[in-house]
Amino acid sequence: ADEIRLAVTTSFENSGLADVLLPAIKEDIDLDVQLLVVGTGQALRLGRAGDVDAILVHSRAAEEAFVAEKHGTYRREIMYNDFVLIGPKDDPAGVGKARSVAEALKRVGVTKPAFVSRGDDSGTHKKEIALWRAADFDPATFAAWYREVGAGMGASLNTAAGLDAYILADRASWLNFGNKANLTLLYAGDAALFNQYAFLAVNPEKHPHVQNDLAVKLEAWLTSPRAAELINGYTINGETLFTFNAKPE
Amino acid sequence: MNDIYEGLVSAFWLVVTFDADLMEISLRSLQVSLTALVIASAIALPLGTFLAIRRFRYRRLVISLLNALMGLPPVVVGLIVYILLSRSGPFGVFGLLFTPTAMIIAQVVIITPLIASITHQAMRELWAEYHDLLISLNTSAWQRIKTLIWDGRRNLLTASLAGFGRAIGEVGAIMIVGGNIDNATRVLTTAIALETGKGDFALALALGFVLIALAIGINICIHWLSRTEREGRW
Amino acid sequence: MSTILPLTLTDVAVRRRGKRLLGPVNLTLGEAGLTMIIGPNGSGKTTLLRVMHGVERLSKGHVEWSVTEDAARHRQAYVFQTPIMLRRSVADNLRYPLHLLGLPKAEVETRVGRWIARIGLEERTGLQATRLSGGEKQKLAIARALIRKPDVLFLDEPCANLDGASTREIETLLQNALAEKTRIIMTTHDLGQARRLADSALFMLHGVVHEKGSAEDFFNAPKTDELQAFFRGDIIA
Amino acid sequence: MNDIYEGLVSAFWLVVTFDADLMEISLRSLQVSLTALVIASAIALPLGTFLAIRRFRYRRLVISLLNALMGLPPVVVGLIVYILLSRSGPFGVFGLLFTPTAMIIAQVVIITPLIASITHQAMRELWAEYHDLLISLNTSAWQRIKTLIWDGRRNLLTASLAGFGRAIGEVGAIMIVGGNIDNATRVLTTAIALETGKGDFALALALGFVLIALAIGINICIHWLSRTEREGRW
Amino acid sequence: MSTILPLTLTDVAVRRRGKRLLGPVNLTLGEAGLTMIIGPNGSGKTTLLRVMHGVERLSKGHVEWSVTEDAARHRQAYVFQTPIMLRRSVADNLRYPLHLLGLPKAEVETRVGRWIARIGLEERTGLQATRLSGGEKQKLAIARALIRKPDVLFLDEPCANLDGASTREIETLLQNALAEKTRIIMTTHDLGQARRLADSALFMLHGVVHEKGSAEDFFNAPKTDELQAFFRGDIIA
């Protein structure tokens, strides 16, 4: 079978979806997908260096820059999931009572309970900053209750669990996360929390050795009805994690 | 390749401009690693020496175990310390998780077997030399250990430096128990891991070069202070 | 001063990897004087001495003093055939056994000063002992043993590397110690020295005590052929 | 605490059921670390011995440097090896990135200074003992090195075991250059890091215990084979 | 067989930390015979011997053979005052220098077998050399030196730990070597041995050659007061 290298973010890997998709890909198009699980920035770097054939990330601005620099020819949206606000069960900030994510963050910003931020420039981190801005806060001015941990989604959740802190996570990572401790899902559902994943094949003109044909094949599969069925059908504890939204070409 | 060059350049600028963040995390790195080194040495030097001088039933087993513990995966040490120190763990009440203290504890666990093993090896020769005399003088076990450590202090340098090296370069454990929290528990290695994850390889390398320079500086200082080689044979 | 003697060896044997290096030895050493152990190379003199001092593991039998083992240990000193120098200065080598005894600092310094002068190493006080010449090391080892004022002193060829004058000095020191009731047990290959110093003597051969007696009988009227041959300097089968 | 207990239990079950995945990644861990150990030893044992026997102008500096390199942060080594092996790097054409070979290269870089330093320290005493004789016999530098390594082989055991320990427990570098690709470059430590990230502490710990058991097993085997202590003095 | 002699020492001095251990020494050693170096402990005998052999770093002056340094090195052997045993079996200790010479295996084994028999260690062949008795070590070190058939042989108190018979044997071995034109330079504290063996002699005192001469003059008509005192066994200031 052919092998293709795909760099993905930790949040995608942590969701467990890969364990469903990869065997199906192998079966359908006889392709071994080798996943490199790294930070968003590192995934884009691997693509820029031509060390992987394609990337699957969720950080629109960075993706567009990647395409603008001609490292990729286009980005193809595949699916989305959503971000959720996690926090301690007793919810001192009252996030659970909020009616929008902006309100939820306002409550946090005012009460100043422990809050863990990814702090690693990842898609999730960028989203979190954008949400704070939308709620009229500037995270750069926050005091010590706002902890930038500079780590991946799983590590950050571990830290939040240890600190009994609030954190913004993607739903997939949260559902798959084993060390929930005293944490619980407090707020979800605002449209502002949508999290779009996109597939970018590395530009073969820049990197002649990349296996663009395989990347195209993979992209075709990921956007196929078969993928839609698997992605939409993937659940944990009865909850759907991802929504397929690739547009046919 | 370019990244390496850029890394060197930005390392240079970070250092000459006395970058405040860099200073802070460098100092924290040093503080954590040196404290861990002192504590681990205080345990490991006598322990390794004891194993060199004392024959007991399960001695070989203990030594094999110690050697094996040199291979303790830092991530696992980090996890166990995390579990013990977490709120729901037995030592949760002390609130040590995500503090430099927790990082020191993890590093002590990691480097103690290494220092003890090297100490054991270094002390065996000296003990073979001193064995008859110290037995003849009817010394107690503790007196023997003190004598060997003192007269073999130069041989123990490598043990301690190896421990320091492992501590200052370690990232897996302290990431878990320290949390890499900005302005609180971020040290050089966790910062490097962070920048690597961000894809900012040049900055990661710059920090790496600073760390290596720090390690080299400390080693040269120590060698100079102890004059290890100065009095050696020609 | 009560004595830790007599020393009794009962059925002592030392085996290493199936080979018997020593034994069976049955022996009682009385309270006073100097016992000289002689014998060819490899006959077990060193092993016997080490067994008596308790630094060699026994394969069989036992070694007993008139007091408990621990009490006896404190009052013996041993000069090894190859001097063992602590990696410290000459003075610190002499201080070491005194510090172990917990003597007051002033007492330590007086004794150390006196002994350094006695062995003529005044100009080497600060030198690392491992750098001394062969003979100087031997003298230092003897001083380090005597400085504790032991009741029983073991010496394994203490004068092997010494010049004539030093040998004489050491012999004088030993005679002074004998006069102060120190019990001395030593080995030598210098038969002249053996005659000069010994009160009683043992002849070791192939790991056993082949002949023993008071110095007079032993040197003037050796009973066994082997000892006679040894005195002639012949090879003994 | 519960996690630790669960970890032990699942470690037990993973092992007794000969879990296929576990076998695969354990074997890969061993293969990578042992290969790295052999290569690093082949470089470091002669190098360390050479530094013990040869006096040259910058010897002390070289030794300090070697000691400092024991503190090479694995992440930085990983990064540099990555940059060199990357498609856009100088050795990109070999396509070694994200293969076990790349992991071996990174580990060799990490453990060579450690092994060489400990070797240097262990060989100094023996050289002091042999010095006069080997000079008198007019031996070449290479003959001296061979003689010391052979006669001091027991003292070198700790050096090699320390190197092995560091290699088998290492994660930072091999994560970067190996990529932790399932069925290709996943080893025990990277799998542990992965499970930790998922918050599945019990599984992470289980893998950790397997790794530790492996290290202990290997150490006991080696000790038993080399009978290090068997002939020792009493 | 061309000889590497004479050996010339020009203005040689050895200083360590500001102290002069040896020198200035000016000396030429001719082609044949046995030169005996005697002197009190710490007078510099060992240092002088090591300087000649080239294992001691000079602070001043130079040491020259009639051939290049490298050629000379190959043809010397040295027996150290404290025997240095390789941590190998007795037989391997003897094999080692022969392997270095690259001799064929059969030749190595014959020589090793012969020498083990000569020093009477047949029953110790496989024993780790470090476990030998003091005298056995010394005999092994001598055998290891002679087995290479060196042109020049340095011996530093080779008989210090030997019994009478062994001393005699070693003296015979040395005389045989002399008969085969080996040049021997040695030290001893045994004045009897010095007289028996020496063709010429040097008296070391305080790091310099205080008196030298042919054996006859040296032993029977010592010129300096110090040497006379040394022969009497007196302490020399």
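Chains: A, B, C, D and E, in written order; residue numbering restarts at 1 for each.
The rule is short, and it goes like this: a contact is a pair of C-beta atoms (placed from the backbone, for glycine too) under 8 Å apart; a residue touches a chain by one contact, two chains touch by 3 or more.
Bear in mind that the values here come from a model prediction, so they are computed numbers and not experimental data.
Colleague: By label order, what chains touch chain C and chain E together?
Modeller: none
Colleague: If we define chain centres by averaging CA atoms, which chain lands farthest from chain C? Would you check?
Modeller: Computed centres place A farthest from chain C.
Colleague: If we define chain centres by averaging CA atoms, which chain lands farthest from chain E? Would you check?
Modeller: Taking each chain's C-alpha mean as its centre, the farthest from chain E is A.
Colleague: With chain centres defined as C-alpha means, what is the inter-centre distance between chain D and chain E in Å?
Modeller: Chain centroid spacing, chain D to chain E, equals 47 Å.
Colleague: Roughly how far is chain A from chain E, centre to centre by C-alpha average, rounded to an integer in Å?
Modeller: 81
Colleague: Could you check chain A for residues that touch two or more other chains and list them?
Modeller: Answer for chain A, listing residues that touch two or more other chains: 38, 152, 155, 158, 161.
Colleague: Multi-chain contacts in chain D: which residues touch at least two other chains?
Modeller: Only 89, 196, 201, 234 qualify.
Colleague: What chain pairs are in touch here?
Modeller: A-B, A-D, B-C, B-D, C-E, D-E
Colleague: Show me the residue ranges of chain A that touch chain D in the complex, using the header's touch definition.
Modeller: 5, 10, 13-14, 32, 34-38, 49-51, 152-155, 157-158, 161, 176-180, 207, 209
Colleague: Mind listing the chain B positions that touch chain C in their complex?
Modeller: 129-130, 132-133, 135-139, 143, 147, 151-152
Colleague: Using the touch definition from the top, list the residues of chain C that touch chain B in their complex.
Modeller: Touch residues, chain C against chain B: 50, 53-55, 73-74, 76-78, 80, 84, 86-88, 96-97, 100.
Colleague: Going by the contact rule set out above, which residues of chain C touch chain E in the complex?
Modeller: Those in contact with chain E are residues 16, 39-42, 46, 81-82, 131-136, 139, 156-157, 160-169, 189, 191, 230, 233-236.
Colleague: If we count contacts the way the header does, which residues on chain A are in touch with chain B in the complex?
Modeller: 38-45, 119-122, 144, 147-152, 155, 158-159, 161-164, 181-182
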